[in-house]
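Mind looking over this structure? Questions follow.
Lettered A, B and C in written order, each chain numbered from 1.
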Amino acid sequence: MIKQLFKFREMLLVVIIAMLLAVFSARSPGFAKPGNLANIFNDTSILIILALGQMTVILTKSIDLSVAANVAFTGMAIGMLNAAYPAMPLALIILIALGTGAVLGAINGLFVWKLNIPSIVVTLGTLTIYRGMAFVLSGGAWVNAHQMTAPFLQTPRQLFFGLPLLGWTAIVIVAIMYVVMSRTFLGRAIYASGGNPTAAVYAGIDVGRTRFYAFVISGTLAGLCGYLWVSRYAVAYVDIAAGFELDTVAACVIGGISTLGGIGSVAGAVLGSLFLGVIKNALPVINISPFSQMAISGSVIIAAVIFNARQERRRGRIILRDRGASEQIEVTA
Amino acid sequence: MNKIALSEPLSETPLLEMRGISKSFPGVKALNDVNIALFPGMVTALIGENGAGKSTLVKILTGIYQSDEGEIHVDGEPVAFANAQDAIDFGVTAIHQETVLFDELSVAENIFLGHAPKTRLGFVNWKAVNARALALLHSLESNIDPRTRLKDLSIAQRHLVAIARALSVDARIVIMDEPTAALSRKEVDDLFQIVKRLKAQGKAVLFISHKFDEVYEIADHYAVFRDGKAVGSGVLAGVGQDEIVKLMVGRSIEHAFPKVEIPLGETVLSVDNYSHPTEFRHISFALKKGEIFGIYGLVGAGRSEICQSLFGVTRPSSGSLKLNGKELVIHSPADAIKAGIVYVPEERGRHGAVLQLPIYQNISLPSLTRTSRSGFLRAAEEFALARKYAERFDLRAAALSIPVGNLSGGNQQKVVIGKWLATHPKILILDEPTKGIDIGSKAAVHAFISELAGEGLSIIMVSSELPEILGMSDRVLVMREGLSAGVYERDHLSAETLVRAATGNA
Amino acid sequence: MSAVPEKRHIPDRLGTSVTRLFASWEALLVAVAAVIFIANALASPYFLNAWNLSDATFNFTEKAMVAFAMALLIIAGEIDLSVAAIIALASTAMGAAAQAGVGTPGLVAIGIGVGAGCGMINGILVAGLRLPSIVVTIGTMSLFRGIAYIVLGDKAYGGYPASFAYFGQGYVLWVFSFEFVLFAALAVLFAVLLHATNFGRRVYAIGNNEFAARFSGIHVERIKFTLFLLTGLMAGIAAVCLTSRLGSTRPSIAQGWELEIVTMVVLGGISILGGSGTIGGVVIAAFVMGLVTFGLGLLNVPGIVMSIFIGLLLITTITLPIIIRQFGHRKSA
């Protein structure tokens, strides 16, 4: 029954997103055309990838507030690298981005794992440090489009079947994360560590180490997004993606990922991101000031938290054997 | 001092042996130089009172805790269990007392988490996981769907999942920590069939229970623990129950329950048809002045849940409550305390005391309005209040300002009871009042429970320990699966009646 | 433990108050503050000047006011990440009112009232609906600042009455600004509230063990609601001071302050897990942070680099005691 409810949760999001699309395209006929939908998806790709990293961390009962700062630092680093060594192959640059992101994530993870410091404190600290380092690295200077090489900027924009490579990257990451979360020992350990840390220890899972890996995954994906962000907007500066960490948390919450850990799915994180993406892209179309986007996502987060809590509310131990009657009471209560 | 042969020579070589194991926690030496040996094809019963160190031993054997001193040998080779995985790798598996499982995961995954069948590429093979879980559950005579989420199962069903999990590992040593506590007689019989099968397969079983009939039914060897020490072990056959009990308690077999017979007064509290959506239904009883009213049942029968709803922690879905003949509605613990109903919970550290706060602050916590002046704290008043109850219960503590968490279980319990008496209650609800308390303090706790009843306090006492229920109660409500299985008068109390009523084996 | 007398005397306390004082976190913080002070004095000739030091206090007084209330909230096991957004919304409300010709007393009332109202919303969501405060306040943070953006867009409010300038620019006596005096008064007020009243005791009890607190008859929800209300109220007061000092309101006002305020609280020795810490610690932490920013400012270090120091300060002050304890443990074992 709960399993159905869970699917119900994701179906609900799909329906809501579809309804939004219908409403928006009624106002602006072009909105739901495949081309525009591909645009919206492409535009949301970075959020999707970062939200998947955030989801991994949240599932282990932690939070990573440093993802956006990680994007800024990595983006700045490889932007400068590309400007300084135009001959360096793109593959190597992307590898460096992934590695840098992973190291930054590992730093968070080490503090959480080895010293048992609450993740919110650690990432609150590293959030300012990583972004500060982006400033130290660049001296506050921007890396502009003309300083970067064409392959660096153009590759994510290559179209395949109407969707830019950026969008395809997101799809590949979603597929990989789906397999990791549902079919690998690490993925299941991530769910177990957040769902019931004590039981996880009894099951032979090293909860600290699992959290560490979750932060490394989040960091690696943030590193990737560092490249994707800089190439997409064709500029690197200290303040890129400022505040974006909250968008990733918002996407997770809307997608039904419990901040208490252990509950949530890849599909939820993706749908939560798409929901935010659709709204963001729809605002100019339906003539609402882009300034209202923040308030809207705030309201949606609050609504989603209320909705999640109603579903997660503990029902106590079930003692009575004939639960037919008891569940009816549950529904009316 | 009674001297009993400490051990008889056991012929075979043990599969697993623990030598000289010691383990300390702040304030307690949980295990002190303990030896125990487990043999292939044999069931060893580990017997001891609560707090004797059984659970600590289990946690060391499963790699959750690491011992301070001593060695573990498997097949005669010394091994080290640095974590749970190590213990699993050496073939040790356990059914733990509290079911440590995952609410949000499926039954099948709960059974196979950590050792799930894999595909050739190294991914979890869900098809195989579900199929093997189904087969395992069938072999346990259970028809639970392996794809159900654990949180939708009843307590007894969860216990079966825990058993299935323990059996899903190809283990050589199986530990069962009070596996029957939440099971009905029928389910216990099924479990014993499994234990016999394990024996036949040459596995060593460590069976922990304080129910003697079960021990004698299933075990070959015994080991008795008292206050963290192994005080006796050997072949069970031919050893009488009285002898084992003597080892367990270390003194005269008759635990003197200082029950004072006092004439009962008029009805103080009447509970009428109390029901809760998922936990209990149709519970009615009347509590008299000066009465000790026992509530007995298996673990998870809904006993604590009733107490918590009387105390306002949860709300009943129907039913009514009368205090001294007047209708009473309780929405929160604050309401209950105001009405004179207080609750000493089973989980002291979680619900009873704020372990990090000092003794005196814990005692004054529900009485702050009296110890303070217009909302401002007065430390002198708080210390005076705390001192009054600390001295009354002969609390053993270095100072009143040390955190409650630094005290032993018995002394923590004294703080919790003292905190409630300071509010001058009329009804005292005690949930497993002597759980995890050493024997010396136990008698003291029993003594002042009697004393309080003698002073006219009405007491509701939940307990899983038959001697405690039989020795202390004026009347006993027996519960089974959230329903009342009868109220028994003191004259009609016997161990057999209560157990039959509680396990539904009439 | 052989012969124990029947009734033993149990002393009230162990050790003297002096020994307890020296072993405290606050003592460590005072030492850190002293080191920074001396370092500053050596590094810059402009540091040891009464007026310069007075100017330096503006770096922390507004944040510290909110930090006091936040400290209580964190001790109770909750957090409010929306404080900076509340400041923005309260400031926007005051700006709009000033445009409409409302006088200084009215502006102050509006600023504090909006703050308290926002705090109540958080309180209802967290205490009333029992939702997790981290996510809820991330949501209200977007909502409150989002409303400020809807109202202001990329514009700014100015034109506050001349008398309004007193709160952020006025001096009570010699070098002591109104803000500093208010800060000191609030410090005393909050110290009394937390350490000398039943309310404060209950806050500690809730933060250490919410269950046991509830089981002891404490109205946990009522207290949490009060704390959110108080935090909103303090954010409102901070908004009055900040708006008065700047003389204008942009929707991005006080951006990122929530992190600095939480850092101040945690640096002050308040456990992020709840249950322990003192107002004294927060006061010293406020000075430490103020001194660092001011000292670095005199050395012409850019703001973003200062934030690296703040982040490092946060992580090292939390990490050091843990590392020392682990190291000592290993030695003794």
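Everything below uses one rule, namely that contacts are C-beta pairs under 8 Å (C-beta built on N, C-alpha and C of every residue); 3 or more make two chains touch, one makes a residue touch a chain.
These figures come from a predicted structure and were not determined experimentally.
Counted by C-beta pairs in contact, the busier of B-C and A-C is A-C.
Set against the Cα centre of chain A, the chain with the most distant centre is B. A straight line joining the Cα centres of chain B and chain C is 44 Å long.
Between chain A and chain C, the centres computed from C-alpha atoms are 30 Å apart. Interface of chain B with chain A (complex): residues 62-64, 83-85, 87-88, 96, 100-106, 109, 113-114, 116, 122-124, 126, 147-149, 151-155, 276-281, 300-302, 305, 314, 317, 481-483. Within the complex, the chain A residues that touch chain B are 1-3, 179, 182-185, 188-189, 191-192, 195-196, 198-206, 262-263, 315-321, 323, 326, 329-330, 333.
By the touch criterion stated above, chain B contacts chain C in their complex at residues 311, 313, 332-334, 336-338, 343, 345, 350-357, 360-361, 365-366, 368-369, 372, 375-377, 383, 387, 390-391, 394-402, 419.
Those residues of chain A lying in contact with chain C across their complex are 63, 111, 115-118, 120-122, 124-129, 131-133, 135-136, 140, 238, 246, 249-250, 253, 259-260, 289, 291-302, 305-306, 309.
Here chain C touches chain B in the complex through residues 4, 6-8, 10-14, 196-202, 204-205, 208-209, 211-219, 275-276, going by the rule given at the top.
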